[in-house]
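By letter and in written order, the chains are A, B and C; residue numbering begins at 1 in each of them.
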Amino acid sequence: MNWFGFILAQCLNALSQASILFFIACGLTLIFGIMRIVNFAHGVIFMLGAYVGYTANVVTGSFLVSLIVAPIVVGLVGMAFEWTLLRHLYGRRDGGAYLLLIFGLAVVLSEVIRLIWGVQPLGTGIPDFLRGIVIILDQPFPLYRLFLIGLGVAAAIAIWQFLERTRAGLLIRAVSQNSEMVHALGTDVDMVRTGVFGFGCALAALGGVLATPLVTAFLGMGTSVVIDAFVIVIIGGMGSFLGSIIGSVLVAFVQVMGAYYFQDLALAFMYLLMLFVLIIRPGGLLGKED
Amino acid sequence: MNWKIHFAITAAACTVLPFVVPGHSLTILVEALIFGLFAMSLDLLVGYCRLYSFGHAAAYGLGAYSYALILTHVPLPLPAGILLAVAVTTLIAVPIAWICTRSTGVSFAMLTLAFAQLGYAMLFRFRDVTGGSDGLVGIPRLAGPFGIDWFQSKFGYYYLVLGCLLGSYLLCRAIVHSPFGAVLAGIRENEAKTIALGYNTRAYKIATVVLAYGFGGLAGALYAAFAGFASPELFFWLTSGRVLIMVVVGGAGTLIGPILGGVSFVFLEHHLSQLTDLWPLIFGTVFIIFVMFAPQGIWGILTSRLLTKRDVANSDSGKEASGAAT
Amino acid sequence: MPLLECKGLVRRFGALVAVDDVDLTVEPGEIRAVIGPNGAGKSTVFNLITSVLKPSAGQVLFAGENITGMPVYEVAQKGIARTFQLCHVFPALSARENVRIAAQARDRRRWRFLGGGSVLERSAAVADEAIERMRLARFADVTAAMLSHGDQRLLEIAMAIAQKPRLLMLDEPTQGLSIEETGRAVQILKDMLAAGDLSVLLVEHDMEVVFKLADNITVLHRGRVIADGSPAAVRGNAEVRSAYLGGSE
């Protein structure tokens, strides 16, 4: 048995998982950075992306089209939500109001998805042009997963460059650090917030579309994913883009190893990890919401 | 005093209900009261401490499964079984409370959710004991000490639940108006100041979580004994969601609001679910409307309309109206 | 033995040394004022004493006991009550309830969740007394958030008094107060000190208040103590003059 090849396959497995997690975690951390809110509904947004992607795929027959359409549609939904409801809660003395509102969004969205798409899992499987096996060091490895890794890396670099090199990215970073100052300098901070919220949702939706060929779109797919994302941003640091990359990789590795060695506890594993992380670092979020 | 009269009238009315209400409605009524109790237990956290729990289903599930597991192995009389289930739930709540209160805000919420989901996962992990997705069925309701068995009938059980609800309400009310309750108000209003005054707020929060779990566990145990079964969805996040919605829409921080919220929810759900598939969506939307525009909830709105400033000043500590809303 | 003794307190924030080797004592029955230009580290010293911040070095002794780094609530239980620069009260509660909760803090049975009637009575009595003292009786039933800024500050002082402290630490108590309110606060503090068994540590910018009240003054500048002595001595100190550019703020 090619031991080295096996390890490599597991690593690539983990990296492909990390890729999907990254899309969700990155959105979550960007939203937190700019608004100081943890978007608890992010899991449901991910799910919405999966379902919208499925429909786009079925209607146009193209996976690539769904990769573009779903994030745009969901991003717009996110922006609409932020613009009509969320932003009005910023000034509230009771900081818990936004928490409840986002929770409400999660409930409503889940229901809407159930009503539109029904209770059966949906999926079209891996698109033809991405089907297939690649042999790496005598180990077979799915092409689709390599595609995920490639896309993840490309996106990470693109977002990084966007944040570092473009004016819009600079604006986002500035608002994350000192929104009042930026506002005083004449920028419409509200628009920036709306935009980033939409962008974060779009990223999560992209993750959903990418996950569908592997797990199909099903109700409740968001619940565990949002906890994963939460663990990732706590490990990596709330609001830290780089942290979301590192965290995604770490968590993915833990998940893959855990699934292999502790199959029984697979379901419980992520929750135990989160408990563990929050016990060690509760201070990561203390004082930032209330 | 005012509230005692209101309480007596309500209690009397509830006592008479089973006689005027058709038999099949009694079942829903019992479930409604149980849910009212469950909602009130969460209010201690959400309304009085402003600790938002996304996992209060854990208390309910723990209570139900504790009772179920105990009774499938030891034929205890009903009251003993319930008391024991509450004791077990309260005990388990202590380390949970200790861990969850290490954080605030969203972290606290996510930790409570994690524990509930952990409980859910554990049910499947140990399916030989817990029955996995099928749950535990055929849980008995055994006659009590000295051959007391009136609660074995639906009619009698209603009075048991009513008694528990009214008793729990009186207890919670006393707690809220006690020195302990005043500290909770302080934590809600300005935790840093409360600490600076010399209170170990962490200990108070832990105690409140444990109390909330205790009352929630009571509701769960009462449910398991009534329905005769316990299933995993008791632990599911949607159960936590429903009770949170009940508390907020009913009126957080009033005890009464959440009870009414819980009771109405069960009735509405029962009737609406027969009419339309859209009812969870309706509830979710109503919830959002309340969060945005009426955070004090239905009871909060009603009481602020009825109470004048003078009444606020005269009521003990003035807490119920001025201090208690979310 | 001094009531409060700070030895060599240091607090760094990264490269910034906010408090640099500060020694400070408060004798029983003394009023000591801590003054200094903005950014001198006065509030930081307060936070170090009450454990809101942990010192990078140094010790805080209270009645001979080392309280450095003790949990904030324990420090309060030792007998130190403080007010904050940004007024901290319980906004949605009545003024009386605000003070009563403060008074309750020293009660041994403050945690009682059943049968605490006597605790409520005792603390209510102490609260009413403190409210009387601060001449806020007519506002007792008003929601704290509705009070004027000046009255809220006085309420905060009432809360501190209700804790029956041995050391009262006031962080810019007269900030935002009118002349009348300031005069009132000064007189009340004087009366309380005359009644005995209370020491006061005061951060103030209003020099008139400082010279009216203080027995001794510690002057901070850029985190260091540059002068320490009687009001007359400090007034005449050239270094203090130059740090302040003379006169009151």
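Keep in mind that, in the parts below, a contact is a pair of C-beta atoms (placed from the backbone, for glycine too) under 8 Å apart; a residue touches a chain by one contact, two chains touch by 3 or more.
Just so it is clear, the model here is predicted, and its values are computed rather than measured.
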Chain at maximum distance from subunit C, centres defined as averaged CA atoms: A
Central chain (by mean CA position): B
Separation of subunit B from subunit C, taking each centre as the mean of its C-alpha atoms, in whole Å: 42
For subunit A paired with subunit B, centre-to-centre distance based on mean C-alpha positions, whole Å: 33
Distance from subunit C to subunit A - Cα centre to Cα centre, in angstrom: 48
Residues within subunit C bordering two or more other chains: 91
Contacting residues of subunit B [partner subunit C, same complex]: 171, 174-175, 178-183, 185-186, 189-190, 192-201, 203-204, 207, 312-313, 317-319, 322-323, 325
Subunit B contact footprint on subunit A (complex, rising order): 38, 40, 85, 88-89, 94-97, 99-101, 103-105, 107-108, 111-112, 115, 223-224, 227, 230, 234, 264-265, 267-268, 271-272, 274-275, 278-279, 282, 284-290
Parts of subunit B lying in touch with subunit A, wherever the complex brings them together: 50, 52, 54, 99, 102-107, 109-111, 113-115, 117-118, 121-122, 124-125, 191, 237, 241, 244-245, 248, 277-278, 280-281, 283-285, 287-288, 291-292, 295, 326
Touch list for subunit C against partner subunit B, complex: 50, 52, 71-74, 76-77, 81-82, 84, 88-94, 97, 100-102, 104-107, 109-116, 119-120, 123, 141, 143, 159, 163
